[in-house]
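Okay, so here's the structure we're looking at.
Order of writing sets the labels: A, B and C. Residues in every chain begin at 1.
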């Protein structure tokens, strides 16, 4: 019995541009158990959205998956035809996009747009059945039933986002990817939405991938997490373990550069410089130019990067493991 | 008793919104509704609130980008050693005002003219105010670039904004803003569009410059944690009004207004073992305050330089 | 130390400029349409330059090849025959077969000293393409290829001049409308509406009735009409978008005057769009000229439109492919050059509008 709902091995994806090939995803591997919430944290350009897009096979036209396997509940996704993928999308795995609030068609009522998605996967359902289903979903995310008859512009940002979550759940997916679902929302609304997501996850036994640049949200929402930098995972493990005992220099800097409203006022560390260019061949540790305490090994360009297990389930990049 | 740099009293900014194509009735949106605060010389005030609360409108009114509807704003004039109103400033007085008040914007991609080189962008304030001769100006530009950490300056001066990263662009904005050594800078969420790891270095730069140049900031943000890092005092805005104003640590450890309490408790904490409990809205404490200290508008002093708004917020939060 | 810094700075600036030009060229090259368009435009520009060069270097004699007053008569020798009254005969099937190629009917010749069976020399105009005149000659014996090159010069001058005038006008008006708003804006918009309403060609006809239009006049008229029309509205909306950007607020807060903001901040950001308009309006200018010349409304010595006009007045326009060299080269040139500029505009759009790029 396969315990993993999602199994990603050696995923490599690059974008073909006029300046060359940009390696957006480099050797990414992770497993997600059923019912788990997995966090993917990193800053802009680290590749987390590229990973998300690859998982639902919605990557851009000039994106090429050169290597790797993505298995959803044992079934391989890479190489499937478009029609086969359509059955998997939304039904097996669904996604709440970044800025999804703006993904609503402004001239069609909310209810109708959700029904459209359901009809794709459950064509035998009657209209009444679909309405009932949507009512149920809405109550799960805290929306009133009459929202179904409203147009997107009549709803507030928070309501639109809740509707997006309902849309993502409409075909009973096993795995939901949430890519920065609360970025544009106010803190109070964000808190409510995060609670809704947790509630829904418990209720439906969903597996969840939560992508964010906000490490505080990851701390509260996930049980396992991975830190991404320059297209690859630099540290991965149970969330409390990673927070208590961060091994990679980048993880440490992320944790120490996040101001908080609770506790004493801390002196925060900062990170200088820019993320590296991902064009062409990339060798060695990509973080070493910005690392505050690089060793000679780190600057060694020929070092083969791989994740080493430190303790049960907690992995980090080889150079940082050997560091301190 | 410290001198005040800015005194804002009963500031109001209303917008008239027409009721529709055929409706004659115009409704009024009170974007900024009777707010008052002071900023002492050398101190920074954080203006915290969620989108639509009126903080950006306040900033624009203070910097004379948009006219205010009502209220009094006074700035300290060190030449006359007195507070002067910003109303009806013209000619030289207006120019003097424009030398001393600057603004840093949120979007690093839109706050620099894409057709100008970095050199021209930073030179512009000096050119507008005719400071020194051309050599002096160029030297000043090179100096300020060094101060904000963009060295060697020759690498940056001939470049265009699109060739720089977001963090570098904000540094250019800071350089341009501070080259005139203003007394007061309004910062409209300058780090919210930057990567988390870069924010601290920009904020540290701004703190250091504030100390070296004796600049005061009005720091506008939706992120209370950032306001904590940058400001001596924080004002919480909601629905066009300031609901609470206190020194930073006092506000965070002893929030009184239900909105503030709700806000603080909604912020996620970067610690998985922390049990965050969201404040359940309860107006009792506010009623007690009113009973004890009175209900003067807009805010009442509860001691320890801590101010709380007393207007009715039942059902709004 | 200062000297070294400024030298470094100048070097870096040069490098950046070079890199930027290279990058823009690469982007432009990506658009196949743009490259084709550019090729066409370069070809016609070459033609325009070629003509004076040929005269200067003496390859062509002016008396023969000048497009307006040149003359070369192709002489042809014809056998004089007398066409029979009844058909069919041994030599001719129907009446239309006499005279045949190389023959001339004695009835047509008004020369008593010529008799049937003699050889009669006469000049043949318009002459088809030959080794001397690669596109043939027109009915007045003038070299068509030379006329084509002259027309190319006219097209370029007219096109670029009118485009420049038009774009300068619409950019300034559009920016002023956006910047000052209120009554100024309202007035300029109503003015644009008025110009848009007016039918373009009939207006040109009326103008040509009052004023004797030469190329320069036409260029200015076209420029003004184009500049006051719809492009003002488009530029105004682009200027409005620039006006609300934070860097304009930044300039205001710093203390910049309104004029400074208009000219230093808004105009430069509207310029790429204006350049695009300019390229597109050349297309319209070339087409308008050819229409006006074809209708005989222009006072011009030679142009492509005029070439077609002449072939019409001489009665050759409906001759099918028999006198193709009188019509086809000129007509195709108008089409290709106008189209070429349009394609260049499309290519430029790729460069200026990052969202269109193919990554």
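Following the convention adopted for this analysis, contacts are C-beta pairs under 8 Å (C-beta built on N, C-alpha and C of every residue); 3 or more make two chains touch, one makes a residue touch a chain.
Treat the numbers as computed from the prediction; the structure is a model and nothing was measured.
**Student:** Applying the contact rule given earlier, which two chains have the most C-beta pairs between them?
**Tutor:** Summing C-beta contacts for every pairing gives the maximum at A-B.
**Student:** Based on mean C-alpha positions, I'd like to know which chain lies farthest from chain B.
**Tutor:** In terms of C-alpha centroids, the chain at the greatest distance from chain B is C.
**Student:** From the mean C-alpha coordinate of chain A to that of chain C, what's the distance rounded to whole Å?
**Tutor:** 56
**Student:** Report, in whole Å, the distance between the mean C-alpha point of chain A and the mean C-alpha point of chain B.
**Tutor:** One centre to the other, that is 33 Å.
**Student:** Spell out, as numbers or ranges, the residues of chain B touching 2 or more other chains.
**Tutor:** Not one residue in chain B touches at least two other chains.
**Student:** So in the complex, which bits of chain C are touching chain B?
**Tutor:** 2, 5, 8-9, 12-13, 16, 245-247, 249-257, 260, 265, 268-269, 271
**Student:** Name, in rising order, each residue of chain B that touches chain C in their complex.
**Tutor:** By the definition above, chain B touches chain C via 63-65, 94-95, 98-99, 101-103, 105-107, 110-116, 124-125, 128-129, 135, 142, 153-155, 157-160, 163, 173, 176, 180.
**Student:** In their complex, what parts of chain A are in touch with chain B?
**Tutor:** Per the touch definition, chain A meets chain B at residues 43-44, 186-188, 190-191, 194, 213-217, 219-220, 239-240, 243, 253-255, 257-262, 265, 268-272, 274.
**Student:** Over in the complex, which chain B residues touch chain A? Could you list them?
**Tutor:** Per the touch definition, chain B meets chain A at residues 50-51, 165, 167, 195-201, 204, 222, 224-226, 228-229, 249, 252, 262-264, 266-274, 276, 278.
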